[in-house]
Each structure stands twice: as structure tokens, then as C-alpha cells.
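Everything below concerns the one structure shown next.
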Amino acid sequence: MTEQVKVGIIMGSQSDWPTMQEAAQMLDELGVAHEVKIVSAHRTPDRLWTYGKEAAGRGLQVIIAGAGGAAHLPGMMASKTRVPVIGVPVQTKALSGVDSLYSILQMPRGFPVATMAIGAAGAANAGLMAAGILALQDPALAERLDAWRQALSDSIPDEPLRD
Amino acid sequence: MTEQVKVGIIMGSQSDWPTMQEAAQMLDELGVAHEVKIVSAHRTPDRLWTYGKEAAGRGLQVIIAGAGGAAHLPGMMASKTRVPVIGVPVQTKALSGVDSLYSILQMPRGFPVATMAIGAAGAANAGLMAAGILALQDPALAERLDAWRQALSDSIPDEPLRD
Amino acid sequence: MTEQVKVGIIMGSQSDWPTMQEAAQMLDELGVAHEVKIVSAHRTPDRLWTYGKEAAGRGLQVIIAGAGGAAHLPGMMASKTRVPVIGVPVQTKALSGVDSLYSILQMPRGFPVATMAIGAAGAANAGLMAAGILALQDPALAERLDAWRQALSDSIPDEPLRD
Amino acid sequence: MTEQVKVGIIMGSQSDWPTMQEAAQMLDELGVAHEVKIVSAHRTPDRLWTYGKEAAGRGLQVIIAGAGGAAHLPGMMASKTRVPVIGVPVQTKALSGVDSLYSILQMPRGFPVATMAIGAAGAANAGLMAAGILALQDPALAERLDAWRQALSDSIPDEPLRD
Amino acid sequence: MTEQVKVGIIMGSQSDWPTMQEAAQMLDELGVAHEVKIVSAHRTPDRLWTYGKEAAGRGLQVIIAGAGGAAHLPGMMASKTRVPVIGVPVQTKALSGVDSLYSILQMPRGFPVATMAIGAAGAANAGLMAAGILALQDPALAERLDAWRQALSDSIPDEPLRD
Amino acid sequence: MTEQVKVGIIMGSQSDWPTMQEAAQMLDELGVAHEVKIVSAHRTPDRLWTYGKEAAGRGLQVIIAGAGGAAHLPGMMASKTRVPVIGVPVQTKALSGVDSLYSILQMPRGFPVATMAIGAAGAANAGLMAAGILALQDPALAERLDAWRQALSDSIPDEPLRD
Amino acid sequence: MTEQVKVGIIMGSQSDWPTMQEAAQMLDELGVAHEVKIVSAHRTPDRLWTYGKEAAGRGLQVIIAGAGGAAHLPGMMASKTRVPVIGVPVQTKALSGVDSLYSILQMPRGFPVATMAIGAAGAANAGLMAAGILALQDPALAERLDAWRQALSDSIPDEPLRD
Amino acid sequence: MTEQVKVGIIMGSQSDWPTMQEAAQMLDELGVAHEVKIVSAHRTPDRLWTYGKEAAGRGLQVIIAGAGGAAHLPGMMASKTRVPVIGVPVQTKALSGVDSLYSILQMPRGFPVATMAIGAAGAANAGLMAAGILALQDPALAERLDAWRQALSDSIPDEPLRD
């Protein structure tokens, strides 16, 4: 991908990938160049530091961060860069992702994280939200996004299939 | 305000204003032109329809929508426009805003709402998130945002004041 | 079905059908003419608008609306028509339908949604509630409903079957 | 009130009245004849029995039942009569009405209770839902209800009052 | 069983039996005569009425009532008889038995229900609690209960088995 | 009080007294001899041990134990004596008594605690439950309990007082 | 193991072992001598008493206690010894371990329990926390702990594996 | 204070001080030298980094970290140092500190935070836990801690004061 990467998808661990791949697929579908990285707030804090510090300079325009449990990645990234951060709460075993949600959502004044729904739908929507932000400066992407939305609407049948 | 309005702050009712004014104040502080409207999903659905349909054409780049309880406004707005929608769950009496939160957050694939923390901190952060999105195209605003963030960091004393 | 359709069963997507078919079956069992449609608040908002605006004129007397997650369909429909709306919260993966419940239940003053239990029992009960409303004007249906209730009571054995 | 009483508002105790009076006021506003009674599922079970058995014969068309805590009144009433029962979960001290809500909402297949939002808004909406049901047979009431809804919509200002 | 039945185990439906059989087994183990009945608060309210009215006269000393969801059976039984009622919240699909718990537990002043843990452990403990109450008048049962408790304690190994 | 004490009311700390006095008042009202003690599971574990070991021998027939937060008192007491233990979850500041409730309710197989509603109503009901247990052997108390219950029912007016 | 045992891992029952073995494995990995015992707060309260009283004298420096449901073990142990107690909430069937968590966490002033995350991750972390405490006096262990942490960080790949 | 500081109390903001001062007071009472700092995970991340990196070298033996809402401070500190971190969830307005709790507690394998009860009792207990850890190497402190615990036990009266 020689195109300028505009969206960084980061996640705390390999186990977040089945959820976060939905964001990557959505960006692929909409033709948005992106990168996918593992950045763990706790295990690789220096990687987080560096990623955050370099984000704006590298031309990243949106960061999508997925995490589960204590889920500090999205909020810590929001503390390190002014680039908009979209947070995806990954579903967890004991608390169903409510832990992830509260950790990502309840940021103090000063450091917003644009929180999406828990799990796969939230990850896909993170891709769409990123595209919507980029589309503000990219009329072609705006058109592709409009078309995607129209196709989604058009795909809805009038009645449910009764098997 | 003769400047092009880039951010629309909308809310379901007058009772949301004490929360949502934090968003307006933040945008004022950062020098971002905005408008403030009451748009009720249930009481003025046609107003919602019109607002959503005209948003992109009018040059709105971000919509901040606050609502409490069933809180359908942010999600319905996201259904009517590709302009990014930031949702603010207003705290409620019986359920403390968890009802507002779930209604705003748990959007289906296709219609993201960038959800903020419950209540006033979330509203202020909605303003910051909007500024962060606009700053992608506005270097002067990016600088003001950086300065705001730096000032916030600089304001933190080394030790708590013990009275 | 040439009989006047009195009940409209609507749902946000195909995935709601396994739940909502319980409402349709109950109405079948009680001999109540009904239609079944997919109306998505977010993906087909104009369909929702039209459905709501025409409901009373078309002779619909009850609308049963099922939805999951942000679940805006029942409440938005209640905003568009004075025809009584019964809401069925569909169970969800991460939040077990508590998200659906709060979004459907916590409507503001002005727009009631008659909320049923989460999931299949709630959908069946939506059919019964619709029948109970129609029975107010239809003595034959009232009798069938009484008989259904009596049969349910009569079916309860005195002791549990111990295997 | 010599008019035929069509709606019965019942509640478990005096302490529910501050909430349930909202239902009575709404029915007054819409010109719907109603009665208001204390019927306690636990303290006056025989009263509940009698009320339920006689409801249909007395010409009641809707029963609005408010209760808090274990809140068995709405569900037990639904077991005793086919007249539609609307349940209002009264807010409680320790559990904010979530206890009331679950007890009213989670009825088993066979006995629906049309559950409203927790607290005063739910009580007002119970009045509106009752009116909506009665309006199916009463064009004049339908008109009054439409007018009430229109007036509500018309009362929404374009912008919040900033003090 | 020609012995005087001292404990009545009742439940709302066949589906509660897999849980409630734990109570019956415990009473069998402790040699306490009991009966097992289906009594549904909503489907057979008259059966509930009769059971409650006759309980004391028939010599019942404890009633164990299991129910799920709205779970009105234990509380309504407590309203109909002064015989102590032990309630067992049956686990449910969407709300894991928290609905059952709140409906059983949150009884108003005047009508206590001795609530046990959610599910099978709670049902077994209901049997033990019933035995403990009966043992106050039955020294032989008190001895058997002491022996049961001692055996439980003695069965605990010093270390877990590591496989 | 020279009468044999049959009920022990214990609580973890002075701060539980405003709640637990409702149990004492109820027993006073019903003429049941009782004692009131502070027994802290954590601060006075030896007191708990002794109290539990001596309970049956001292002729105690019911122990009412109130506690808040981690609330180990009722369950630990149930581990030390076969005398029936009634638990009262005291309301707490952060978690509204849900912490107290879960700690008291969710006892493992072998050690039931008869859990009452959270707070003052639960404490009053603990007194009533104790009386109901004692009434099994005390016809005069049974009569007083019946009279108390009848008086409660008789006190319920037909309609709420509208101020 | 002839080395002085410094850490005691205790749990309420065999069923806690699949969770608690993670603590044992972690201590094995870090070379920390430990013992593993079943100590049930309710079934073997005297064992708990003895274990607590002897802990300091036997040279135990940390106690790791796992329990589920009412989960009194960690808190009761904290009441019996000044040796630091780490609590692990075991996941439960109906309440997912939130019951275990609240019972372990919400200790009153005076008796802290160092609570870990619900389930297996929490048990592993209990081992790490114990090691961290011991490392304060054991430079070789501190080095092993640093190495373990470094290895964990080094094991994180730059990108997720996409299958 | 010329004594070597062994405990660092850190918190995210001035607003945490009313809670966290309980930890400081407890350490004062027990004669444990400590420092008190504001270290905000989001507003002063570099301060957090430095504090964490230098903690072990400066001779800190325990870090007590209080935070509310997203509450990333304790977990991020645990990621930066092997010095044991005790976390105190500060109570919050909308979610009562459950947000703080989940963010602090649900740490992934590798980075334990010793979580205390929500609010002031948790902060006081953090001081006691820190003292308990230091007492492992400090017999005089162990004695003071034993005395403190004994005094607490001795202070519990036999009966509640009835006003």
C-alpha cells in the first residue's frame, strides 16, 4: 500500500483481532488506506507513547483503538495525540464488555474517545466513522460512503424470510 | 456569527441544556463557529428529518447530539446524514444515564454514533472531539487545540491542596 | 388474507424474525389478521415515516415493533402515529437485551411504548396484548381470548413430571 | 362523574400516588373518565381478585397499575382479567425502580403487562397509552389526542433558553 | 407418604423442576415429609389462593416456592398465609435470574419471603432452611441436620485434586 | 426482660442500627422477646464464633443478622449454627446495598441465609419472618401475627389521599 | 519443597482449582515457594481460624484466597491475620462473578483485601502481585520478575496474525 | 520528613483528595513515611512515566493510586514499575464508581492492581494494606499494625447505642 495511510487500527492483543478485523474490512470496502498494529497499553507502553507522539506528524487522521477489560489503550492514546481516537470495547468473558465500555467511555474532560458499540458491530462502525471523518475532505470517499449507505438501505427486504 | 457554522449542537429538550452548554462553551473557547438547536426525535421528528437531510449541504461538518432516556436523537440523526454524529448521554433520574448511554451507543452496523461519557464531562469532550475533527483541515485550530491541551496539562499542580 | 389487517408486526431486520414470529403465531392462533414487515429505523427511515403516517388511515389498530440494541424502531413509530405501539426488546449478544429494553422503555412523556418482556415470551405476549386491545371492540375475539387463557390454565398439571 | 368509567388507575399504596397522579392528570386533560383506587397485591389480595374479576363486566377498558419494589400488582391483575393492563414501575430507594421494572416487565407467556418507563414520565405515558387504546373506538378522543400531540410538538422552541 | 406433610414445595411451571428438585432431594436426604406441586401465580391464581388459605390448617409449616422472571408466586403466597415462605429465584435466559431475584426479594413491609441464592444451590439451601426451621421442634431432625453439616465439613479435603 | 430470649438481632456496627431497629420494633410490637448485639464478622470474629456456638444451647430459635458492604456476618453465622439465620442487606453509599445483598444471598449449598429486602423494609420483614417461625410452636403468637396482618390489610384505604 | 513456604494459596472448594491453579503456575514460573490448601469459610470455619492465626508465625508473607458467590474466605482471612491477603473472585454461573467480586472487594475500613480481576487472569495476577510483594525483600526475585515482565513485553508482535 | 519515603500516594486530580486523604491519614496514624502527588494519566502522562520509572530506584515500596471514571492511573502505573500498586476506585456521579472499579480491577494478565473498595473506606484500607506489606520487613510497624487492629476490635461495644 503506497498510498498515504490515514487510519491507524490498533489493538491491545492478538485476541482482539477477530473483533477488530471488522474495522479493517470496512475500510477496505470503502477504499481507505490504513495500517493495523498491536499496541498494548500495559505490555508495550513505550510503543503506545511513540505511536501517539508520531501520529499527527505521520499524517494519521483517525486512530481506531480496540481493547477489552481494563481497556486503557484508547484513552491513553487520546492523551498522547490530538488525532481523533475512536474506541471499540471488545466483549469480555465475565463482564460482557461492560468493563471495556466503561474504561473507554468514561474519559475525563479533556480527552474524548469516540466510543462505539461493544463488539463486532462497534468495530465495523468504527471503520464507518473514520470514513465519515475523512470524507469531510475527500468528496470521492463521501460519494463511496453515500453509496455504501444507500446499498445497505436498498438491501432491506420488505418482509422477513420465513423458513 | 457570520462565519460558516461547522458544528451543530442539537438536543432533545430544554432540560438537556445545562449539560449540553458545556459543548457550546468548549467550542467557544476553541473559536469554533457553531449553532445550538432543539431537535426532538419524538416531538419534532420532521425537524430531525430536515436537519439531517440538509446537514451536509449546509456545510455542517460535525453534529453533536445530546439526549436522555430513550435518547433516539443521535442515532436517528446518524441515519439521516453521513456527517459524523457525536452523542452525549444525558444523566437521568432513575437510571443515571445508563439508559441514555445504551440507546446512543448500541447502534447497529452501518450507523455509528461517537459516544461520549455520561453527563457534563461528556458534553465538554464532545466539543473537543468536534474540534479535533475540524483541526484535521484547519492548522490554526489544531494549534489552538494543542495549546488548550498543553494548558490543561500545565495547570495540574504537583500535589493536592490540603485544606 | 382479504380480511382487514388490524395489526402490523414490524421489526428492524431479518435477525429479529426468530423472536418476532412468536407474535405472528399468537395472532394466527387467535384469528387476528396481521401483516409482517421489515422496517428499519436506521436503514429505512423513510419506510418508517410512511408506515407511521399511514397507519391510522390504513385501519391499523395496533403496531407490534421488535428491535434489538439501540432499538429505536418502537419509539420512533410511536412518535409518528397515535396507533398504540407495543415494543418487544430482542435479546442481544453483549448486553442480553437490556440495551434493547432501555431504548424501548424509557420513552419521554408524550410517546408511550407498551414494552413487553425481553425475547420470545415478550413477542408472544405482544400478540396477546394486541388481541386484548382488539377484543375491546370484538366480542368474538374476546371469547377466543378467554378460551385461550382458560386452556392455558387448564393445561397446568398438579405436579411436575419427574424424569 | 356520571360518565361510564373506562379506565381504572390502581396502585399498591398511598406512597405511589405522587407518581400515579400523572396518569390521572393526563386522563383529565384528555377528557377520559377514570377511577383511582388503592389495590394492594399483598395487603388486599381479595380486593385485587374482585377488581380483576369484575373489570370487564363493569365496562373497564384499560387498567393502569402502578407499583414499586416486588410490584406484583400489574402482573397479578393481568392474570385475573383480559382487560389490557398497563404497568408503571414506581422508582424505589435502593434499586431506583429496576426492581419494580423487572417484576412488572418479565411476565411469562400468557399474561402481558404493557410496561411504561420508570417513574412519573411512565405514569403520564400510561394515561396517553390508555387514551390511545380508547381512541380506537372514539373518534372524538382520537382528535383530542392528535391535538394534544400536535400541541406538544408545537411547544418545542427552536433553541434552548440560555440563562 | 403417610407421614404428616410439613413442607410444601411449589413452583410456577414444569420448567422450574430441574432447579426445584434440589429442594426435594435435600428434604428426602434429611427425612422431611413434603409434597411437590405446580402452582402458577398467573395461570392458576385460584390454586394459589386455595393453597395459601389452607396451608396453616393442613399443617404445613414451611412453603418453598420457586419461580423465574416476574416470579410472583413466593410473594403472593406470603400474602395469603402466615406460614413461612422460602423463595427460590430460578435462573432465567436474558437476565440470569436477577429479574426473579428482585421480584422475590423486594417484598414490602408486612410480607417477608426468605430468599435463597439464584438457581440450584438456592433450591438445595431452601430444603436446608426448611429443615432448620422444623428442627426447632424436632430434636431428631436437629440431630440429622447437625450430622449432615458435620459430614459436609468432613468431606472437604485438605488440598485440591490436581489433575 | 426475664422471658427466655428467642430471637437474637445482631449487626456489624452501630451504623446498621437505624436500619436494624425496625426488626427490634417489629418484635416488640408482636411481643417477641429478643436481644440486640453488635457482632462484627471482621472486627470481633471471636465474638461471632462464640455467639454461633452457643446460640442453640442458649435457646435462640432465630438469628437476625444485618450487615452492609462485604456483609459476611449473616453467612458466617449460618456456618456456625443450625439455628435459622435471617439476613438483612443494609443499604450502602456507592452500591446501594447490592454489594450487601450479593454477599448475604449467594451462599453456597449447605449454609442458607433467609435474605430479606434491602434496607428498612427488609429489617421489619426480618422481624415478621422470625415471628412467623416462632408462631409454628406458639399459638398465641400466631394469633397476634394474624391480627397484625389483618390490621395491616384493614388499614389500606380505598383511594389515595389527594393533597 | 524444603524451602520456606512464603505464599499460601487457599480456596473454598475443589471447583475453584481450575481458576486458582493459574496463581500456582505463576508462582512456580517465578520460583516462589508456596502451598495450596482448601479452606472453606463456611464448611471448615475452624480450619480458616487456625490458618489465619498461624499464618504470620509460620512465616507466610502473602495469602492468596480465591472464592465464588458469597465468597467470604478472603475477607474473613483478612480479619484473622495481618499478613496481606490477595482476593480472587471466581466467575459464577448466574452472576458471572460480580457476586464474588462485591463480597471480596467491599471490605469495611480495617480489613483490606487486595482484589484482582474476576477469573483466571485475576488468579495469575494474584501470583504476580505476591511475587511483587516478596521481591521487595528479595533482589533475585525482583530480577526474575523484571525479566518476566520484559519477556511479556518482548513477546508482543507488531501486527496481529491474520488467518 | 527526612525519613525515607516508602509509600507514594498518587491521584488523578484535586477532586480525588477528599477520598485519598483517608489513605494518608491512615499512614500517618501508623507512622509510615509517605508522599502525596497528583499524577494524571491523561493530563500529565509524562509525569506518570517518570514516576513509574523512578519508583523502585527511589526506594518506594508501595504505590497507592486513586482515580475515578476511566481511571487509568493505577493500571498504567502498574505497567511502568514492579513496585506493588494498590488501586482505589473513587466514587463517581453517574456510575457511582463502578466505572472506576472496572477500569482499575479488570487488568490483563501481567499487571495486577490490588483493588480496594469504592470510596473512602477503600482509601483507608489502601493505607492499611500498604502498612501490612511494609510490616513484612519492619517488626515495629507490624506491632503497631497489630495494636491498631486490636484497638479497632476493642472499640466495638456489645450493643448498639439506641438514641
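When the chains are written out, they are named A, B, C, D, E, F, G and H in that same order, and each has its own residue count from 1.
Methods note: a contact is a pair of C-beta atoms (placed from the backbone, for glycine too) under 8 Å apart; a residue touches a chain by one contact, two chains touch by 3 or more.
Molecules present, by chain and UniProt name: A, B, C, D, E, F, G, H = N5-carboxyaminoimidazole ribonucleotide mutase.
None of the values given here were measured: they were computed from a predicted structure.
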item	value
Winner on C-beta contact pairs when A-C is weighed against G-H	G-H
Centroid distance [mean C-alpha coordinates] between chain F and chain B, Å	50
Between chain H and chain C, distance of the C-alpha-averaged centres to the nearest whole Å	52
Length of the line joining the C-alpha centres of chain A and chain B, rounded to whole Å	19
Approximate Å spacing (C-alpha centroids) for the pair chain F, chain H	35
Interface hub residues of chain A, defined as touching at least two other chains	13, 43, 69-70, 95-96, 98, 105-108, 110-111, 117-118, 121, 152
Set of all touching chain pairs, with the criterion as stated earlier	A-B, A-C, A-G, A-H, B-C, B-D, B-H, C-D, C-E, D-E, D-F, E-F, E-G, F-G, F-H, G-H
In the complex, chain A residues that touch chain H	12-13, 41-43, 45, 49, 69-72, 75-76, 78-80, 92, 95, 98-99, 102-108, 110-111
Contact footprint of chain B on chain H as seen in their complex	11, 13-14, 16-17, 20-21, 36-38, 40, 43-44, 47, 69-70, 93-96
Touching residues (chain side chain B, partner chain H) in the complex	91, 96-98, 117-119, 121, 152-153, 156-162
Touching residues on chain H, where the partner in the complex is chain G	56, 61, 82-84, 86, 101, 105-112, 114-118, 120-121, 124-126, 128-129, 132-133, 135-137, 142, 145-146, 149, 152
